[in-house]
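Look for subunit A in each of the two complexes below; its partner is subunit B in the first and subunit C in the second.
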Partner chain A sequence: MQVTVDVKGEDDVEVDAGADATYADLLSAVDLSPHEVTVLVDGRPVPEDQPVNVDHVTVLRLVKGG
Partner chain B sequence: MSDLNLDATQLDRYSRHVIMDEVGPGGQAALLDASVLVVGAGGLGAPVLQYLAAAGVGRLGIADDDVVERSNLQRQVVHADADVGRPKVDSAREFVEALNPDVAVDTHQTRVDRDTVSDLVDDHDVVVDASDNFATRYLLNDACVLADTPLCHGAIYKFEGQATTVPAGGAPCYRCLFPEPPEPGTVPDCATTGVLGVLPGTIGAVQATEAVKLVTGIGDPLHGRMFTYDAADLSADEVPYRANPDCPVCGDDPVDSVASQTYQETCVVSE
Partner chain C sequence: MECSKCGRDAVMHAAYSGAHLCDAHFVESVERRVRRRVREDNLVPRDATPEDPETWVVGLSGGKDSVALTQILHETFEADPRIELVALTIHEGIEGYRDESVDACLELTEDLDIRHEVVSYAEEFGVEMDDVVEDDPEGMAPCAYCGVFRRDLLESYADEFGADKLLTGHNLDDEAQTALMNFLEGDVAQIAKHFDASLGPFDERADGDGAPSREDQEHFVPRAKPLRDVPEKEVALYCHLRDLPAHITECPHASEAYRGEIQQLLHGLEENHPGTRHSILAGYEELAGIVASEYHSDADDSRDEADLGECERCGSTTTRAVCRKCQLLDALDA
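Our next item is the complex of A and B:
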């Protein structure tokens, strides 16, 4: 399944996700760690270890500085 | 001041607000009546304080445990070279008082923690998160949600900025978007990666805008929307997010106090 990974602040990336792919796998494909971002589906975060069942996710970084 | 009677000096000072249909004397009176707590008098806190003071917010609380360092001066515009080594709350207070004598300033030279946060939050109408660490950020989110006090959040990293506003009572809140803080050391900070000096000016101005809107009831706050900004290509975007019924703070079975929670490196809310 082709999944569009919309990393805010960067270009969208099309990822070819296998049947057993998890959201962590999507992040790995775009060189991000689950520790530094949240993956949103329909406006809510999804657990990184869950299987991917959508064709579009939004990825937002946690930002620390102030 | 609890009525619309602005004196002649105030009518002059705030004339560009007073003549606006959307603000008017009533909105200006609301600003003069309002109290806003700004947590952090650094990069974000500086422009927040400047604009809230200029707007005539009647009482500003400033909380920060730090002293001014020379490396702060590239972006923290309420502090001056002569302030190096002084508590940030002192130089921030002097800046505000010099800018607008209508504004009363309460300073708190302390790191906001779970023992002090409730009293601080309860004493203000709006809280602005201008902090630089996740422990304070999650603590403020939780305390504000539990106190039904709106929170204007902001954060910066290199060229990127974020801002959102948590409504009174949450739903959604910051934890609905970022349920748990990251593992220590996994997210860089400005001290290690740097930050464009003008970036906090942009994001801090957004936070101040939100605070003014909340006080005056103007416009649509950033509820359920994370505003994102990239100074490198001068682009802005927003990410919609929804309340999470499993949120430990504003969900269906929320905690009732921050007192028993941990807000250090991991900021975990225990179930």
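Our next item is the complex of A and C:
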């Protein structure tokens, strides 16, 4: 399944996700760690260990507190 | 996926505990961890009373960490007359960055109706970070100058506002990184100092469990980091779910290369071995307490006291004739 990964502040990336892929796998495909981002589906955060069942996700990057 | 505590949809998975939590249980869990840390570190002394309250100055940058900390402390102590909160914001003079985050601080402190003070490098030192970065007379990373100036102002204004404690929003990732950096640099004295300055619990002899507590810092306002049990990602999620006015832009001068390397390392370890950050920090704190006790008993107190004096220029407590901040200001011709 093709999933559009919209990393906020960066370009969208199309990821070819396998049948069992989790949101963490999507992040790994765009070289991000679940510890530095939050994945939103329809504006709602989702646990990264769950299987992907949508074709579009938004990724919010963490920013240092400063 | 359902919340481990109720039937609602989970918004997060904490691999280190195995829990899946919904928004309400996640928010509650973050707040519980901060309150437990406040208790375990004995931040509220037994002798604080409504007539003689403690003043806590919170370093409020407007970023997610300090905003979450200020919000949680406010809600925890709003009805407790023993604790008074003052928010302190430092304006470094960074175009397109700090003005927006100061707005976030104003919005939060107006919402919460707490005292808020803003001090700037420009007014205090006659410099702005954007110019410091251009000049760079010492050939250092921007954060090296900025850290010296920020610590000086946090410390001196906390003192001026009569603070009993200075609280900052360092999260679990920040502290696990610092712990690992100190360890990898082999800096045992720094580890002991870290314990006495901001990590160790305050002494409550009535507890009597024999665990090490920090030594009194006569010359400095004691610091504390009650957010340090909460991973950085969870602090951000907390702000997002509670719709807090946190400013989320990276400082344009951010440049801590070594810390970034350690951060990547920790993310990788955490992925393969969930709980690594927690165990690094728990073990480090225990070791730091032992090391600090060792240094306390070895120290020749009279000599230690003699090492600390007043800066010839500004009067700050320092081990040098002229403090580091004044040296940097000299180099900048400020």
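Assume the second predicted complex is superposed on the first by the 65 of 66 C-alpha atoms of A that agree within 3 Å, B and C clash if a C-alpha of one lies under 4 Å from a C-alpha of the other, contacts with A are read in each partner's own complex, and residues count from 1 in each chain.
The rule is short, and it goes like this: a contact is a pair of C-beta atoms (placed from the backbone, for glycine too) under 8 Å apart; a residue touches a chain by one contact, two chains touch by 3 or more.
Keep in mind the model is a prediction, meaning the values are calculated, not measured.
Colleague: Kindly say whether there is room for both subunit B and subunit C on subunit A in the superposition, answering fit or clash.
Modeller: Overlaying the two complexes on subunit A (C-alpha atoms) leaves subunit C and subunit B clashing.
Colleague: Quick check for you: in the superposed arrangement, does A:13 touch first (subunit B), second (subunit C), both or neither?
Modeller: After superposing on A, A:13 lies clear of both subunit B and subunit C.
Colleague: Name the contact category of A:60: first (subunit B only), second (subunit C only), both, or neither.
Modeller: A:60 sits against subunit B and subunit C alike.
Colleague: State whether A:35 touches subunit B only (first), subunit C only (second), both chains, or neither.
Modeller: both
Colleague: Can A:44 be said to touch subunit B (first), subunit C (second), both, or neither?
Modeller: In the superposition, A:44 touches subunit B and subunit C alike.
Colleague: Once both complexes are aligned on A, which of 20-28, 200-208 or 308-316 in subunit C overlaps with subunit B?
Modeller: 20-28
Colleague: On subunit A, what residues does subunit B touch that subunit C touches as well?
Modeller: Residues common to the subunit A contacts of subunit C and of subunit B are 33, 35-36, 38, 44-45, 60, 62-66, listed in rising order.
Colleague: In their shared complex, at which residues does subunit A touch subunit B?
Modeller: Answer in residue numbers: 8-9, 33, 35-36, 38, 40, 42-45, 58, 60-66.
Colleague: Which subunit A residues qualify as touching subunit C in the complex?
Modeller: 33-38, 44-50, 60, 62-66
Colleague: Over in the complex, which subunit C residues touch subunit A? Could you list them?
Modeller: 1, 9-13, 15, 20, 23, 61, 63-66, 101, 169, 171, 173-174, 231-233, 235-237, 240-241, 248-251, 254, 266-268, 270-271
Colleague: What residues on subunit B touch subunit A, complex-wise?
Modeller: Answer in residue numbers: 40, 42-45, 129-134, 154-157, 160-162, 176-179, 181-183, 186-190, 195, 200, 224, 226, 228, 230, 237, 239-242, 244.
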